[in-house]
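Each chain gets a letter, A, B, C, D, E and F, in the order it is written, and its residues are counted from 1.
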Amino acid sequence: MYYYKEELINIIEPDQPDPAAAKVLQEALGGQFGEMRTMMQYFFQSSNFRGKDKQFQDLIRGVFLEEIAHVELVQKTINQLLNGAGESTPGNAGMNAAPIDEAVKHANPHHFIMGAQASLPVDAGGNPWSGSYVYSHGNLIADLLNNVVLESTGVLQKSRIYEMSSNKTFRETLGFLIVRDNAHQNAFAKALEMLGVSWGKLFPVPNYDINKYPECRKYVDKGFHNIQFNFRLDETRIAEIFQGKSPSRNGGDLSVTEPPQGFPVPQMPEMPNEHAPGLSDMNR
Amino acid sequence: MYYYKEELINIIEPDQPDPAAAKVLQEALGGQFGEMRTMMQYFFQSSNFRGKDKQFQDLIRGVFLEEIAHVELVQKTINQLLNGAGESTPGNAGMNAAPIDEAVKHANPHHFIMGAQASLPVDAGGNPWSGSYVYSHGNLIADLLNNVVLESTGVLQKSRIYEMSSNKTFRETLGFLIVRDNAHQNAFAKALEMLGVSWGKLFPVPNYDINKYPECRKYVDKGFHNIQFNFRLDETRIAEIFQGKSPSRNGGDLSVTEPPQGFPVPQMPEMPNEHAPGLSDMNR
Amino acid sequence: MYYYKEELINIIEPDQPDPAAAKVLQEALGGQFGEMRTMMQYFFQSSNFRGKDKQFQDLIRGVFLEEIAHVELVQKTINQLLNGAGESTPGNAGMNAAPIDEAVKHANPHHFIMGAQASLPVDAGGNPWSGSYVYSHGNLIADLLNNVVLESTGVLQKSRIYEMSSNKTFRETLGFLIVRDNAHQNAFAKALEMLGVSWGKLFPVPNYDINKYPECRKYVDKGFHNIQFNFRLDETRIAEIFQGKSPSRNGGDLSVTEPPQGFPVPQMPEMPNEHAPGLSDMNR
Amino acid sequence: MYYYKEELINIIEPDQPDPAAAKVLQEALGGQFGEMRTMMQYFFQSSNFRGKDKQFQDLIRGVFLEEIAHVELVQKTINQLLNGAGESTPGNAGMNAAPIDEAVKHANPHHFIMGAQASLPVDAGGNPWSGSYVYSHGNLIADLLNNVVLESTGVLQKSRIYEMSSNKTFRETLGFLIVRDNAHQNAFAKALEMLGVSWGKLFPVPNYDINKYPECRKYVDKGFHNIQFNFRLDETRIAEIFQGKSPSRNGGDLSVTEPPQGFPVPQMPEMPNEHAPGLSDMNR
Amino acid sequence: MYYYKEELINIIEPDQPDPAAAKVLQEALGGQFGEMRTMMQYFFQSSNFRGKDKQFQDLIRGVFLEEIAHVELVQKTINQLLNGAGESTPGNAGMNAAPIDEAVKHANPHHFIMGAQASLPVDAGGNPWSGSYVYSHGNLIADLLNNVVLESTGVLQKSRIYEMSSNKTFRETLGFLIVRDNAHQNAFAKALEMLGVSWGKLFPVPNYDINKYPECRKYVDKGFHNIQFNFRLDETRIAEIFQGKSPSRNGGDLSVTEPPQGFPVPQMPEMPNEHAPGLSDMNR
Amino acid sequence: MYYYKEELINIIEPDQPDPAAAKVLQEALGGQFGEMRTMMQYFFQSSNFRGKDKQFQDLIRGVFLEEIAHVELVQKTINQLLNGAGESTPGNAGMNAAPIDEAVKHANPHHFIMGAQASLPVDAGGNPWSGSYVYSHGNLIADLLNNVVLESTGVLQKSRIYEMSSNKTFRETLGFLIVRDNAHQNAFAKALEMLGVSWGKLFPVPNYDINKYPECRKYVDKGFHNIQFNFRLDETRIAEIFQGKSPSRNGGDLSVTEPPQGFPVPQMPEMPNEHAPGLSDMNR
């Protein structure tokens, strides 16, 4: 069973609204290599796990637990990028006031039509997330190889999305996720190393210099790329795998720790123009 | 952030394998009104919640937390229905032994091809789950109305799926979920009642006699249809809504309690015929 | 604006329930070349029509109007094939009575889970109908060519579906539709003939002998393959096109007539096992 | 069977072309809560209706008939917004004339590529309409609840789309539809009221002040929010339900009337640049 | 079996980068009437061909072979339009340098996120190509009619896409493909002519004046609209069909020739900002 | 440009018709890890390749060329499994003869409705192939890792499909493809080995004993698992990578050779019951 503490896994850095950035950041939420995919893929793999080698199941479920928090972090980041964008007066009373140009021209219009300027389960092109993204093959090596590819591609795409806006809300979240994807690459690569593959000088993929991303540096200084957070309220065997030398060319030692210090979940402002939540003028 | 204790929210009742039942039970997992939909819909609604009426956000997130455990319960039930179905000898060594007839004729062939006889994020017709199922409109009343419809339709479909097999593994899980959907109908209906609607003699939908489902009775006797489980490790305001008279014609009083006593998660057998997990004959 | 008279365009011939036939007949309703496609394609083409040659617009809209009645006819035929299939006692009271085997093994399970044994907007494989099937190119010749192909392929597929069951409910509807698709092939081919193409000995496609389908003969005897029904309550210019020699090798003269004598719409029985409509035991 | 009179259910108010507005208005045509959904959902529900309570079937079919006219109204509004947008000279004869910038940058490019600057069966994000949007559960209460949610969400989204452009063609159609969605909310809510639910002060959803939409006022003055139009050429029992006090907090009395005075269907100009209809230079 | 010579079927004309043009040109690659559709449709039709009339099978497969080269040509054209678009410095080192505005606002963001500024199997709206586009009916006349419609619609859409940018890379490829689609219209129309249809003055569709497209003229001068290229390394019976008078109103004689002189395949520059190919700074 | 010689890459072993086997074999054609995916993925990757390391591009395109022949091989195998299934008399002349039970109950009904008992671009569950399956990331390592996973998963699924029927037509094709997927795993793994990864004892995945598949043995004896076929009519640099020790635990040396001896493409019988090709009774 699953438990919750109302804390975000990283901070939502304040900055200006930027609906175009919100549109492309959706890739990291509902894209083929986004956080919804990693979350659901590791959920199915851990529930469908066969056999006695429970340390692998624990590892996969451990990453799954963190991914739920990642999904929430990206949802909240998109919401922050949309807060304050567009008109705030409801109805415009037919005064022919300026229409929501961003919503029509440079944003995902569904951010303004479907959600009340809030996150959606879609990618940067507006395609809805699909269950066909989830790979749970049952064969442990095939699953682990797939997970390594998923994390590598995820970080590759995030490093490209990062270039698309210099908004601080946007880049802080991407910086944190890039470092954590690195840790998850290490987790699955290490598991494969125990089964016979040596990753030599290949990892991480892409071959980026983490120093180019200033948002990443503080997380690297904390060692977040070599740490597995433990969200279990009972015993776990993750540390049987996630320990010793990192499989990546970046080196260092792997270790399992408590979850990081959490951050308060920001309360979202009402959005009267979107009838959200729409309770303000009821007689209660 | 999200925490986990390795316990199932209900028991997996043992019975014979039944891949045709596993095929139709997928509707309750990856169908338009299945547990993946409820889980993701309440996840988005609680992350996208606007304004200060946090008791509603807490209620929606509270149901979300239980739905994660429901998804795991249905995954495990499907897996149990598939364990032991089909041939167990790998490769058949060209002996023209009996092929997996069930997989070809009466089952979802993807259960045997994609997963190693394990659950998939698809519906009873094999269609992959889609992000377009998730409604998070931002308007609280629209969201709550939608959630009521979702839970009502969910229980309606489960009562029809229930008829499709008399397998005990299958019916026990459906019985438990029917009762809990009832509780969730109550939760969202009660929230709407606070905002002005009186459900009179309408609920629950469909208008079934719970006594016809023997699997349901023990859960009703425990009052599970009028209870909201609390999976929070910090404070929650759910009880401001989920209390007092039930909005349903079935009557009773609503209350918030601790999660139920958990059940051990069954370990799945190896499935050599499916190369799952496929580690048994490596030299480790 | 659109008006309705509660009459079916053809009779629902009574016969035994046959859920496997209902499954494949869905192709004629929600398939890529089914009646929903023809209905929506001609709707968009007639609304999007450009220029002054209104006789072509009238022709396309005229066929559209009949296709709405075809959709209703196929829905009703599928419903008739599903009436009486499966268990009729609700809940089974846990008596381990025989489950709905057909629903699990040889039918579309969604017929029993989603609809209360009723038609769905999907094809024979269970894929939902898609807006991407609709072609409305704006270029009249491209649109007419496409419509000819659509009608030819529609009748080709119906002649194959016809072989899949000897059920009379099933075959009567298919027989009627085969004849009418023939008339619609003629309509669009005649329009193209006015624009320069001569279909010679090519039509109809496929090159079937209508006498092989006894259900078709009575409609051919009535000349239904060379008639365009007029559902307009005001003036129409269809007869400027739909007149003179048939463009098909079958010969005959084209004419526009009143709609055929309608048939009563059968009332569907209640289906307590499916909670449909579910009002019977409420205190009203 | 279905009949037609060439009249629009509301006026197409003239204004400048606005392809970006056309793009977002597609949501009201082919979106998950758009007019194609309402039309097809009520079509399936009325065809699949079970049992003797024909007044409910008549009500659902009555709304279906109006929705066909709504689909046509939105198609025509989108077409009007696209007429005159972009280049009108065909081919540009390689003169490097200004390309269709709007089509490439701020519009749905398919409006210019697929249709000849005309409506498409897609939503504001370009996703094709899907049969999976249609809910026809067979259980009357589940269907009615769903219809209420559908109409509420429809009007919520239209009130958001309304903000996206001050174009008069765009806003006039949205204003009319907002009022009619209101009437349809009333229709389904009233039907549920007869079955036991009291909507108290909840309706309409969202809780908007209709006076903010000047386009709506004249329709409200005509009482269109409390009227059900009757498109039947034979008897109907709608008035057994649609009468008495409105279930909405806005009050008033419900009544069934003749369809409104129709409006001429505007003839669309030829579009040589799009080869539409493309007959102008053939030797006829 | 399939063989390859590294040559493009037409030249990639150099010009400025134009990501908005790349976005709409995707329709000609992954759209419903694009080159991936023609390629896969003719592949399935030729593999699934029944009966002894091998000259038709040879004709269909012959066009299939050319379509593979067309797919490659459009991929390369899109890549050329994307080369040099956006920032070239990787990472931006947190200097808040200008973000990739085009990628966010006027381009398909997936061109920058998924591919390293390279072609994708999607249409101009970003929808992924679907196997449901492929029609292979088995009935030769239905297949040929469909192919004629496919080629006509393809050229209609290309003539519209052509208007969207005056970029030379873009227009040169479109010009070449328009002429070749013309030849393929002729091929399938001629085959139908042998079976009884006379196309009179109908073809080509649309009724465009080829002289308006200066890029087309040189290919028409070479007779490319009346030529079928032969990519077979063994015997083919194409010339039994593709010979004699053109079925099009443009006249001329049909003939089968060797493939055209090929063009060198341009090498794509590295794209460090996209980590593509990403090998440059590894120690190899 | 692409050339063709009418030869199959492997033999179609004759056996009884088996439409249920045809249904599941579709996974190897149009499934997420089937031959259409590998073909299109390597096509996009080789066309989108960036930089000077042309030996990698040659390798990827080399595998692409073979995959076209694999697609054709699976199409032909499915067709062979469908030839002779079902009724052969057209129309049944209303004699209530036995309907095509297989088509309705145990087969993919689209095999009989859409194609004339012929292959389709869909998977074993009937879902159409999607462009979203294709990964072409531009980063060479990410692409190669992905290709390794694709080939590993492909062979894993084929080894499961193999169990589903003992039909010789079915198993011979699967046996051949399993061996070739092995060779392709080697190709991409070797390329990664050159870039720093050592696959140790991990490969091949799954860890199957090839001796269990008698159909495979003769291909292994020929060394097909360590051979790259060369389909280029000009120079290629594949051998710079595909040489030396195999990266797999199975050992052996890699080499590039001519394509294998081809097999005649079987002519498909006419299928009058399906109107395919439908020319037989025209007056030609």
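The definition used in the following text is that a residue touches a chain if its C-beta (ideal position, glycine included) is under 8 Å from a C-beta of that chain, and two chains touch if they have at least 3 such contacts.
The chain list, named the UniProt way, goes like this: A, B, C, D, E, F = Mn-containing catalase.
All of these numbers come straight from a predicted model, not from anything done at the bench.
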Mutual neighbours - chains that touch chain C (Mn-containing catalase) and chain D (Mn-containing catalase) alike: B, E
Far-end chain from chain C (Mn-containing catalase), centres as C-alpha averages: A
Copies chain A (Mn-containing catalase) and chain B (Mn-containing catalase) touch via same or different residues, half shared test: same
Chain pair repeating D-E, as identified from B-D, B-F or C-D when over half of the contact pairs by residue number coincide: B-F
Centroid spacing, where centroids are CA-atom means, of chain E (Mn-containing catalase) and chain F (Mn-containing catalase) in whole angstrom: 25
Intercentroid distance (Cα basis), chain F (Mn-containing catalase) paired with chain A (Mn-containing catalase), Å: 36
Centroid distance [mean C-alpha coordinates] between chain E (Mn-containing catalase) and chain B (Mn-containing catalase), Å: 47
Junction residues of chain C (Mn-containing catalase) - those touching two or more other chains: 32, 105, 114, 122, 126-128, 130, 132, 137, 139, 141-142, 156, 195-196, 201, 205-207, 274-275, 278-279, 282
Touch relationships between chains, expressed as pairs: A-B, A-D, A-E, A-F, B-C, B-D, B-F, C-D, C-E, C-F, D-E, E-F
Contact footprint of chain D (Mn-containing catalase) on chain B (Mn-containing catalase) as seen in their complex: 32, 127, 130, 132, 135, 137, 139, 141-142, 145-146, 148-149, 152-153, 156, 192, 195-202, 205-207
Footprint of chain F (Mn-containing catalase) on chain B (Mn-containing catalase) - complex, ascending: 86-87, 90-94, 96-100, 103-105, 108-110, 112-114, 122, 126-128, 273-275, 278-279, 281-283
Chain E (Mn-containing catalase) to chain D (Mn-containing catalase) touching residues, read off their complex: 20-21, 23-24, 27, 31-32, 105-106, 123-127, 156-157, 159-166, 171, 201, 205-209, 211-215
Chain E (Mn-containing catalase)-touching residues of chain F (Mn-containing catalase), taken from the complex the two chains share: 1-9, 30, 36, 40, 43-44, 47-54, 56, 61, 65, 68-69, 71-72, 75-76, 79, 114-122, 128-132, 134, 136-142, 194-196, 231-234, 259, 262, 267-271, 274-280, 282, 284
